Each structure stands twice: as structure tokens, then as C-alpha cells.
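The following blocks contain the structures, represented as C-alpha cells.
Heads up, the next two complexes both have chain A, just with different partners, chain B and then chain C.
Moving on to the complex of A and B:
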């Protein structure tokens, strides 16, 4: 039984790491703009497809696929910001960008449906079928890669935010956009940078999720609801909170599957969400919103 | 001088008007059309059904309309029923209000079919189904719904009996999506298998939004010796389950001993996507491409010529739906009521998936639409000839 508990713990960390990757982008955008980007899910899907095609074109070079997904995500983020968020933000509306991203999401899904079709793609990387077995525990090399890439991404993001000028500028804009502007920081540039980083993360998470997900044009939408829940449980735009909440949700899913029923996963996760909102409305890691990013 | 801006347009307007009247009277002369309303999932996770259904329908209509049947041509209107009750009922209403079909075909997913059925019955339009397995479609059913596909009881009893008697299975773990069809199929298997003396070690249901099946495979791996794992899911989740069970070392494809049992829901080509994990998978298919009957081989040839690919069972059963309607028209069907009566009177219709003859509940009683296949190491199929 101990082996099963340990195995489910590993499974939970793998799934949780994927959730963290998806939710980090949402957290960054929410932290800086206090806006939700509904098209985030579709950038994840596009990242997955970009990685799929590049990996297949380059005879199984999955790392090239991840790199291209990162770039595709970043470019899409820049586009979404430049064509939707920036013009609508200048008109002073908070609701319009939100609705516009729903429109972008539907448009991207249908464009992918026309171009790529609805039949599920089998994204098998060279690492998906390599299984490491030890003392009754099994783990694919793909899963190891997911944990390593997630940990590296979190570390790099943390270092970027703490130690670089741009990271500090980003935090300054999230705390007080007007004052940051008075200090010589261009808020529009920082917001654009936030979108690029968040969407690049989404693209990369798509590349990591692709071999795990049922890869169709709607793939991203199956994880985005959980990602939103993680952002809220973690503390509305709080990076540390998002990491903890993502791993927690992954572990809850695994242990619910083992000890209760997989059909109850959503009930348990969203019960946690409601409990968090009722008992600790600021999220697991409670800070002042201005300090979240 | 009075300016008359439309004066120059008078002559062309008369010519166009004349042409319209002429084409309208021509349309009236060729008005003998059987209108088929097609309700298929074109969006969402079941949309792979719709794409393949449409291919089968288009091929059948193209062949039939070359010479017509009893002076009738066939016209098809597609609506997206999305494999889900609410969009399916909206699509059915849209179809009836705007297209006014003589007969409808679809849906694939049982929940959607169950939502469509009362709407079709109220409009007195026969519905011919080839892809839903829930027993509720025909029991109690209604006089306007007919099903070619064997229902979940027919499939479940058959596969459980074969698992026990031919594969000597004594233990089973059930994996299924939490839908009418998923739960129903698993329940029938469990009842039959238990009655024969087998033991169900676990009954694991999951939602369609579950992506990672490693946790479920871990749970299955911890259940001890398992002989068979009947699995009831759509293609995407089916792929992930098969791969996860292989990674956990449970099924033959991963070096284990358990045999995964699959359903009609999975399309041709599933094995190629799942890879080595699918080794030893035994599953029911609705269409056997190795069947030597001329109707099957002609269909395969025509399909490859039109689409440059091999047909799947979904292509095949969509093709059969239209061909069965054509058979009814050949026997005198000309409107909704006569097509319904003709369907009910069908005897030994021979289609590409098998034959059809309906009982009092409008369920096809022929079992030759069930073909058992085993996945070989080179990922090809071996027909098991159990039926």
C-alpha cells in the first residue's frame, strides 16, 4: 500500500506541475492587469500543436518542439495584447478586454478545428514510452521531463522577477501603475512583456501537456478551468500561491482517484475552491494584492 | 426630362425574372427528393464521429443520386448535435423547423440520441441510429426511432460471455466514462460476467474532462491479478488509458497479463495511434474490412477512390444508414410515415457493417454487425470470428 501511496504522490506532482505551468501565465496577467485572459487555454493548445508538428517534422526532436511552442506562445501573447488588450485598455474599459478574449478563444478554437480537424492526435514523444521502474514505482521519462522543466521554469521566473530590472519593473507596475510610470517605467511596455512571458509559458505548457492531453483543438479548455481554480485558491495572482495550489490540486486528484473515485475529482477540487473563498478569501498565500507579482 | 434611374435595368430584370420562373418550374419537375436530416457531433470531443459520418453519408448519397432510387434523389442537411443533450435537442428542432426532413439519421452519443428521440417522435419523423448503444434508445424507445447497432445489452452480454468462455477470464476491472452509454455498458458486462462466475475487482468511472490516466492505471495495478479490463470511452481518452495501463505494466502491451476489451466506439486506426501499448487489445468493431462480401469490398474500393484513405467503422455505419433508407425508398417509402413503416418491415437488409432486421422495439436483432478483433504485434488486426 505504501508503494501505491508513493506512486500516487508522484503522479500528483506530475499533474500538479503541468497545472502550475498553465496557471503561472494566468497569474502573471492577473497580477499585473487584474484581468483574465480566456484565450490562454487556446494558446496552450496552439503550443501543443506547434510542438507536435515540429517534433514530427524533426524526426522526434521534442526539445525543438518545446522551444518553438515557447516562441509561438510569446508571439501570440504579443498579438493578443497589441490588438485587443492595448486598444481596449486605452478606452478605459475593464469589461471589454475580458469579453474580447472570449471572442479570441472561440475564434482560435474554430480556426484550429478547420485547419487541424477534430480527430484526436496521438502526440507520442520519444520519452512517452520509456518507463523507469524501481521498487514497484513507475515513471516515464516524459514525466521526469515535466517535473524538471516545471521546476526550472519556476526558478527562472523567480530569478527574473527578483533580480532583473525588467522583473522589478513588472512588480512595480503591478503594485502601482501610475507611480511606476512617474519613475520612468513605461507601463504599456511592461504589460506587453507580461503578456509575452505569460503566453510563452502557456505555449511551453502546451508542449509539455501535449503528450498527456487528448490533443484536439479543444484540449486547452479541459485544463483551463482547473487553472483558474488554482489561481483563485493560490491567492489571485500570487505566484508562490499558484505553485502551492497547483501541486495541491494535482495531489488531490491522484489521491481522490485512488481512495474515492475519479468521478469525484471535480467535486473535491471545487469544494476546496469554495472552502478557500469562504475561510480564506485572499487565497492560500495571503498578501496584499499589490505585492502578489 | 424625368430621371428614371431604374429604366436601364428593366430588360435585364425581365430576363432574370423569366429565368427564375423557368428554373422554379424545373425544380418542381425534379421535386422527388427524400430529405435526410443528419444530426452528428461536428464540434467538441466527439467531433471525430461527425467528420467520419459525413464522409460515409456523402459517398452513399453520391452513389445513389447518380441514377436515383424509384425516381427519388437524396438531399442531406447536417446539423451539429455536439454529442451532448442540449445542443442535440436544439439542432433537432432547427432541423425540423427549417429543413423539414422525411427521415433523420444520428446521433452517435447515447445521451444526445436520447435527447433527440422525443423531438423526432413529436414531429413524426423517423430517426435511424447506428452509433448509440444505451438500452434506453430502444427500451422503452418509441415507434419513430430505429437502431442498427447492437444495444449495450446485446454487446455487453456477448463480450462478457466471450471473455469468460473464450478468454477464460475470471477477474475484471471496469473502466468507463460517466455517461448513459458508459455506465450502461459497464453494468451489463458486470451483471453477465458475475452471473457466469467471474468477479469484478473495481468499477471505475470518470468524466470526459479527465486527461491524465496514470492515477487510474496506478489504482488498477494495485488490484492484484486482473484477466480483462473492459473499457468504454471515446477515442481520445481510450488512447490515454491504453498507454497508461501499458506504462503501469498492467496490460499485455506493457508486459502485463491483462487483456483490454474495447468497444465499437473506437475507430479504425486506434492501434496505430496507441502504438505497442495496444498489443493484445481485443475489441468489437462494427465493420470488418477483411469481410469478403462484395458489398463490403465495393464500399472499401469506392471510399478509397473518393477519399484516398481506408474507411473506418464510423464511415461504414453512416454509409449503411443512408443505404438502408434507400432500400426503404426502393420498397415504396416516399415520406416520413411510409419510411417509418418501411424501416419496421425491413428483412435481411445487407449492409457493409452487417445485416438489419428490426424487432418490436425497433432494435436490429442481427448480431453480425459485431466483429471481434485482436491487435497483433505489428498493430494489425486478427479477426477472431467469434460471431
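Moving on to the complex of A and C:
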């Protein structure tokens, strides 16, 4: 029994840390812009496909795949910001950019559907078949890789936000864009940078989710709805809250699969989301931003 | 309203009669079953789009849960008919009421949340509903779906032959007639003080509240009306298609409905009607190009938001406004 709980706990952390990477991107963008990028989902999917093709072309070099996915994600993020969010910023509408990115998402999904087809791709990395085993718990090298890379990325991001000038500028813009502008920070540059970082994270998490998920053009959508839930449960725009909530959702998922029914995963996660909204709309870790609640 | 100086054209009653005549003529013009099927799909989509526009365009609440209310209406009426043998119209009313009630349930969140939070809460609601439809197999038969759903029963008017709804043209008259009635009702509603109230809430909730408007109550009302309309569309959908699978009510359906409202022009009632017709007919016309047709939705939404946020209504106003001005200047030029 204990081994089952431990085993599912590890599985939960693996999936949860990938959710954290996707959700962190959403949170960062929300922090500086107070906007939601719905096309984030398709950046995840495109990252997964980029990694898939690179890995299979370069005869199994998975790390090259992750790197390419990172770059592809960053470029897409820059594009989404330049074509959608930047032109719409002057209009100051809260909902128009969200609706426009839903349009982008429909477009990208159907474009991928035409090019790649609806049949799931089998993304096998050289590491998914190597199993480490200790006292009854199974762990693939792929899982270890996911946990290590996610933890490293989160730590790097945290250090970047806390200690570098650009990271401080980013936090300054998310607290007060106008005052940050007066202090000599170019908000447009910071927002662009945030999009690139957030989307590179999405591309990279796609590369690591690819072998775990059912890889179809719609893979990102199933992840993103959970990432939205995570971002709200953790408190929008809040990095620590997002990390906690992401791991929590990962654990809920694996324990629901084990003890209840795999079909109930989304119901449990979104019931938690609605409960959070009803009871504590500021999320687990409250930030001083209350205009939406 | 564009009247070109002719008073009759600015009368709403005139346009409603015109719409009724067009609805009456359409199945006579398109006699093959392929286009008659599309006409019915159009009517159902019009219903869905005006329903969403009421809560989005007038009350300003981005509700991404419309697919859930559509599904609740469809499954409620179908299950009542198939399992309990309820007569169609009673099941229809139950489906509409339950969808409206579900909308009120969601609006418990809407009264506390705004903007993005509401968008995601409603999306979560849609995901939960979809998963329940998919996993409650003993009730909904899950992914296998429900088959052989009968069309609405024949409508007997004394002294006339019964109207069979297994006939596509008659089914179109029923759905389109219902859509027209809904449109007229919503039109009355948005032009009444209630419409003004909802618009005030959309523009500035705090100011609206300071004028003594009970924002919470009106938001609940807007959600209830909007989801009840979607529920009605669901009842018609089930009896028209004859099969129900949960995938028809996946969250992407919410996005499709949203696309129709945006492309047509949100905040007007005629806009969503035009958007629903365009986005239903255009992919059919483009069927020859293959799967490319589905991209139309994404491209049109993105372009409309970027370049013409008022949608087709704004484009129409621009074009007619220019023609009108040209006509006036031509008149002025020819005058001695």
C-alpha cells in the first residue's frame, strides 16, 4: 500500500512539475500584462511536435529536441505578442486579446490537424524504456529527467526574477507598469521578454510532455485547461502559488487515477477550481491584486 | 438602423415580417436535403449565437461555458423522452429550464468574479459538464452515445393535415420560427430598461451599482436567459441529428459559438445572426478545399478582433454609410 502511495506520488510530481512549467508561463504573462494567452496551449503542442521530429531525425538525441522546442516556443511567443497583444494594447480591452488568442488557437490547431493528422504520434525517447527500481518503486529515466529539468528551470527562473536586473524590471512592470516606465524601464521590452520566456517554457514543457501525453494536435488544449485551473488555484500572477498548485494538481491526478477513476480527474481538478473561486478567489497565495474579484 | 430616409425600412415590424417571409421561402429555394440540413444547422447556430451575445455583448460577461448549457438541454430532453417517455414539448421545457437553472448556478461565480476569472470559471464548468456526460455511462451511455432519437412529434392543427417533423423543411420552419421568436423577444428585452441596465453593468459595474442597480441580480438574470436559449438549441439539435455523443459538447463548441458572435459583431443582436449564418455556410461552400475550411473560424476571429472589432455589423455600417453619403452628395450635386 505504501509503495503504491509512493509510486503514485512520484508520478504525480512528474506530471505536476510539467504543469507547473506550462502554468508559470501563463502566470508570468498575466503578471506583466493582466492578459491571458490562450494560444499558450498550441505553443506546448508545437514544442512537443518540434521535439518529436528533431529527436526522430537526429536518431534519438532527445536533448537537441528539447533545445529546439525551447527556441520554437520562444519565437512563437514573440510572434503572438507582436501580432496580437501589442496592437490590441492601446484599445485597453480586457477580453478582446483573450478572444483573439482563442482565434489563433483554433487556427493553429486546425493547421496542425491538416499537416499532422489526428492519429496520435508515438513519441519514444531513449530514456522512456530505461527503468530504475528501488524497493518496489518503478521510475523511468525519462521521469527523473523531467523532475530534474523542471526543478532546474524553476530554480533558474526564480533566481532570474529575484537577482538579475531584468528579472527585477519584470517584477516592477507587473507591480506598476507606469511607475516602472518612469524609472527608466521600457515596459514594451519587458513584456516582449516575458512572452519569449513564458513561451520558451511552454515549448520546453511540450517537449517533455510529448512522451507522457497522447501526442495529437489537441494535446496542448487538455494541458492548458488544467494550467488555467492551476494558475487560479495558486493565485493569478503569483509564482510560488502556481508551483504549489501545479504539484497539488499533479498529485490529485495520480491519486484520483489510483483510488477513484481516471475519468474523474478533470471533474476533481475543476471542482477544486470552482471551490477555490467560491471560497478564496485570490488563490492559495494571495497577491495584492484584487480588481478581478 | 439604416433607413435611407424611407420610414418603412426603419420599422422593426417590417424587418421581422421580411425575415419570416425569407424563412418561409428558403426551403422552397433549397429543395435538396443537403442544403435543408444546413439550413437547420444555421437556425440552431443562430439560436446559440444570440443566446451567447445576450450575456457577452450586453451584460459584458465572457461566458465560455455555452457548450455545457447546449449539452445539458440536449441530454435532459433526450433522456426524459427516451427513459421516461415524456412528451417532446414537456421534455423541451424541462431541458430549457434545467439549462437556465445551470446558468444561474454558474452565475453564483459570475456575481463575484469578473473578466478573466469568469472566463476560466465558465470554461471549468464546461469541462466538468463534458466529463460528466462522458463518464456517467449508466445514464448517458458515455462515448457510445444515444442513438435513434425521434424527431419532434407531428403537430396537429384541427382542420389541417398534421405537420410532420420528419420532413426537413418542416423541421426548419420549427427551428427557424423558434429562433425568430427568440430574436424578437431578446430584441424587446435589450431595448427595454432591462437592456439599458445590462449595458450599464457592462460599461462600469461600480457606477451601475451606485445608481442603485442590483448588479448581482441582473447578472444572474442574463446568465439564466442566455443558457436557457442555449438549452433550447440543444433540444432541437438532439431531435434533429438523432444521435447524441458528448464530443458534440466539448469546450471547442463554446469557441465556435464565440466565433460566430465575434465575427458577426457582439453587442448587437443582428450581428450574431449574420455571424452564425456566415460561419455555417462558408465552411460548407469551402468544403471542396478539404480540411482547410475549419481554419476559417480561427482566421476570421483573429482578423475581426484585430481590424474590425464590431464585426460584420461594423463593416456593413461602414459600407452603407459611405453609399448613403455618396447618394446624398449626388443628390446635392444634381439639384439646381
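The criterion applied here is as follows: the second predicted complex is superposed on the first by the 289 of 293 C-alpha atoms of A that agree within 3 Å, B and C clash if a C-alpha of one lies under 4 Å from a C-alpha of the other, contacts with A are read in each partner's own complex, and residues count from 1 in each chain.
One rule holds in what follows: a contact is a pair of C-beta atoms (placed from the backbone, for glycine too) under 8 Å apart; a residue touches a chain by one contact, two chains touch by 3 or more.
All of these numbers come straight from a predicted model, not from anything done at the bench.
Student: Once the shared chain is lined up, is A:182 touching chain B (first), chain C (second), both, or neither of them?
Tutor: neither
Student: Let me test your reading of the model: by the given contact rule, A:214 touches which partner, first (chain B), second (chain C), both or neither?
Tutor: first
Student: Could you say whether A:87 touches chain B, chain C, both of them, or neither, answering first, second, both or neither?
Tutor: In the superposition, A:87 touches chain C alone.
Student: Quick check for you: in the superposed arrangement, does A:113 touch first (chain B), second (chain C), both or neither?
Tutor: Both partners, chain B and chain C.
Student: Applying the touch criterion given at the start, work out whether A:261 contacts chain B, chain C, both or neither, answering first, second, both or neither.
Tutor: both
Student: A:279 in the overlay: touching chain B, chain C, both, or neither? Say first, second, both or neither.
Tutor: Neither partner.
Student: With the touch criterion stated at the top, can you tell me which chain A residues are shared between the chain B interface and the chain C interface?
Tutor: 113, 225, 261, 263, 266
Student: Residues of chain A touching chain B in their complex?
Tutor: Its residues touching chain B are 1, 3-4, 7-8, 11-12, 14-15, 18, 113, 117-120, 122, 124, 128-129, 131, 133, 138, 140, 143, 209, 212-216, 218, 222-223, 225, 253-254, 257-258, 261-263, 265-266.
Student: Which part of chain A faces chain C closely enough to touch in the complex?
Tutor: The touching residues are 30, 34-36, 83-84, 87-88, 91, 93-100, 102-111, 113-114, 221, 225, 228-229, 232, 236, 261, 263-264, 266-267, 270-271, 273-274, 277-278, 281, 291-293.
Student: Enumerate the contact residues on chain C facing chain A in the complex.
Tutor: 62, 108-109, 112-117, 119-121, 123-125, 127-128, 131-132, 134-135, 251-252, 255, 258-259, 262, 290-292, 294-295, 297-303, 305-306, 309
Student: Show me the residue ranges of chain B that touch chain A in the complex, using the header's touch definition.
Tutor: It comes out as residues 42-45, 47-48, 50-52, 178, 204-207, 209-212, 214-216, 218-219, 222, 235-237, 239-240, 243, 246-249, 254, 273-277.
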